[in-house]
Amino acid sequence: MAWTREEMAARAAKELRDGFYVNLGIGIPTLVSNYIPTGMAVQLQSENGMLGTGPFPYEGEEDADLINAGKQTITELPTTSFFSSADSFAMIRGGHIDLSILGAMQVAENGDLANWMIPGKMVKGMGGAMDLVAGVKRVVVLMEHSAKNEPKLLPKCDLPLTGAQVVDMVITDLGVFTIDKHGKGGMTLVEVANGTTLDEIKAKTAAHYTVAPGLK
Amino acid sequence: MSQGKIYPNAAAALSGLLKNDMTIMAGGFGICGIPESLIEAVSASGVKGITAISNNAGIDGVGLGVLLETRQIRKMISSYVGENKLFAQQYLAGELEIEFNPQGTLAERIRAGGAGIPAFFTKTGVGTSVAEGKEVREIDGARYVMERGLVADVALVHAWKGDTEGNLVFRKTARNFNPLMATAGKVTVVEVEHLVEPGEIDPDHIVTPGIYVQRIIHVPDPTKRIEQRTVRKRVMA
Amino acid sequence: MAWTREEMAARAAKELRDGFYVNLGIGIPTLVSNYIPTGMAVQLQSENGMLGTGPFPYEGEEDADLINAGKQTITELPTTSFFSSADSFAMIRGGHIDLSILGAMQVAENGDLANWMIPGKMVKGMGGAMDLVAGVKRVVVLMEHSAKNEPKLLPKCDLPLTGAQVVDMVITDLGVFTIDKHGKGGMTLVEVANGTTLDEIKAKTAAHYTVAPGLK
Amino acid sequence: MSQGKIYPNAAAALSGLLKNDMTIMAGGFGICGIPESLIEAVSASGVKGITAISNNAGIDGVGLGVLLETRQIRKMISSYVGENKLFAQQYLAGELEIEFNPQGTLAERIRAGGAGIPAFFTKTGVGTSVAEGKEVREIDGARYVMERGLVADVALVHAWKGDTEGNLVFRKTARNFNPLMATAGKVTVVEVEHLVEPGEIDPDHIVTPGIYVQRIIHVPDPTKRIEQRTVRKRVMA
């Protein structure tokens, strides 16, 4: 069974630290906001121009002028600030966001990330993903380990890249990998999900990786 | 003062500004904060061959989606167009060109265009197809791609409140690309939900100074659509 | 006698147009604000971060947080907006200011301008002058025709430049010159001050210039 | 929330941040909007060999003038230092280095530093000594000089009002270099005249979002000096 989407989000939430400013991508990463530990101050940035995003509004209180980067209606908090798209990406590009958690189609063992287009299919555009992976201090990918039984953790991405050597950590339904994206340490399996085994992970991972000492 | 910036309606505000094959910037993120009245007037004008610079392409029948229906757009410069089905059809039929920019690069190119900066370096897109054909150079040990400033013949902007001098404020996330595009239009035309006299907006709160605004229309109570209505249930006490 | 400083400022004010956004330098250019025709809407920009500068405050109403680029206490107007130094120079560099009127030590017949340093003397810095002459749509110099009997209108500046080919018009106590700064038209004398002659101007001008037809 | 950003005084707010030969940005234009309490705490710390990035050098005994008196500054990166006599003496004696930047180039370099842009092109300074030793290139028929982004070990900022999250607003022309420097400090320390709770500043009015601010002190009723008191006479009615 390995981890559910909720368990994956809960695991990703362990990467949060008090005082962090965090950008969450669309999909499973959005669920991470449900697992911020009580008492921990974490501000969520939405790249359309908002810091301090709040939960969805109560029915009837939706505001068309108040949406997140997924175009969903949200609410504000006492800490909220609004700013332009230029200022938002100055914040992202300038390295002021502590952590970006986003989805991916493929991740390579050197930290390359592909999540924006599949050649031959209609291209929708990269949105803010290239800016986020290039600019944010730490990039965590949250994704299913395999897609239609094809591995997504690869020696090299074959899809067009969103960013080169940008991923610090990958959390899948089977476990957690760290990547030494600027060094020579490569990829390391550091955690195994309940209900799976080192052997299953090995069978489903095309990327080369080492297993952290003591892991079983 | 400068009452001359106020126009009675969108068609009047755009008169003399539109020509085939022109470049138009339109503010908004998704359909939040889009200059809808002005876009509709562009549609009514029948001008063709537009290069549209806008983060998204609206949705079917809303925002720039209107100009796609009428086939007035020849090229889009955007970061994401996934919400518009018509876009996909026209693109696949070869009727529409698209230049995808990373959202932050698009925003900074517009900000640079308005600020007299013809080019700048950014990490975004290095090692990807975005950097192809562009200068990439190493600066202090990291690699950066050179991106160019962007300007438009006309910038269309939606603001929450404006005075007759053109000083503008925006509301919540409807701000998005609007203030930067206001700086990058050779002519900037603004629709405001609330039109007030100079002095009614605190000068410390003004986001776009009047110098960037050439023409203003008052659009009270615009219809604002929501693309993705997400809510939570009230928990009974 | 030629023109007084006040008359020079009044002449410079004739370059204003309704709806103009204008930056006035320190010294004689500051006086131009006294000659804006009634009913003409002209907004003055101060490069320290203000558009729509008002007159000096009444005694006792000075505000330390409200100064112009000359560090003088001023007031605000109903049209006023405040912004940061980065936004202020984005406005200047981006060509949004219609007119800059500033002083100079030397102007060359090709439009080169020198007004910020004299080698061997203590250098105070160029402040915003280089940005203004490079960025503003039209640059008008307002200066005495000579300094200690040395001409200031020269074939070539010998002082370090503030900007190369940047000046459109020079107004001195003796007359008005236009400069075709990007073309081959050179410098043209277009107006002679009351109380002077073409001969006096010729004697006191080292730059080459043509005399506009009909001028005497 | 984030009460941890509030410090009891300037010395406490700077503790652990100061070391010899560091780079410090200080906001202000002339002596308007300068972080005076924080500068005095730098003086008291005795740290030496400072590279100070600030538009001006204060005046004798005020603002950065204090650090010149104590000879703690080794180099200034500024646009204009004409008001400070002590500066002239130390410079002529070879005790002080100066790098003059055009004011707009200085502002944009700081904005770029904070925005992750290592270099950009500007017309300012082309054909002057400012462009010497820098890349100059022609883009679309005009010549531009390449300028580099600037960051500092610590940025010292003065704001009018701030909440405990670090969201800031500025007052009139005391804004000047403060918001850009807030983005370009590895650590940004702010003195606010009014300290309030989160939610007390309208989120549409916030100029500097809290993400840029690491440490805050409350300096109520600071002494504000005026460099050039200019007034007009009241005309009796």
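Going in written order, the chains are labelled A, B, C and D, and every chain counts its residues from 1.
Please note the rule applied: contacts are C-beta pairs under 8 Å (C-beta built on N, C-alpha and C of every residue); 3 or more make two chains touch, one makes a residue touch a chain.
Since this is a predicted model, take the numbers as computed values, not measurements.
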Chains in simultaneous contact with chain C and chain D: B
Chain located farthest away, centre of chain A as origin (C-alpha): C
Separation of chain A from chain C, taking each centre as the mean of its C-alpha atoms, in whole Å: 54
Rounded Å distance between chain A and chain B, as computed from the means of their C-alpha atoms: 28
Geometric centre distance via CA averages, chain C-chain B, whole Å: 35
Interchain centroid distance [CA atoms averaged], chain B/chain D, Å: 32
Touching two or more other chains - residues of chain D: 108, 111, 115-117, 122-123, 170-172, 175, 203-204
Overlap residues in chain C, where contacts from two or more other chains coincide: 76, 82-83, 89-90, 92-93, 135
Interchain pairs in contact, sorted by label: A-B, A-D, B-C, B-D, C-D
Of all residues in chain D, those that touch chain C in their complex: 29-33, 55, 78-83, 88, 91-92, 98, 100, 102-105, 107-108, 110-111, 122-130, 160, 170-180, 207, 224-234
Chain A partner contacts - residues on chain D that touch it in the complex: 1-2, 4, 111, 113-117, 163, 165, 167, 183, 197-199, 203-204, 206, 209-212
Residues on chain C engaged by chain D in the complex (per definition of touch): 46-50, 55-59, 61-74, 76, 82-86, 88-90, 92-93, 112, 122-131, 134-135, 160-165
Chain D - residues contacting chain B, complex: 108, 112, 115-123, 139-140, 142, 144, 169-172, 175, 202-205
Chain D contact footprint on chain A (complex, rising order): 19, 21, 41, 43, 45, 51-52, 76-83, 89-97, 135
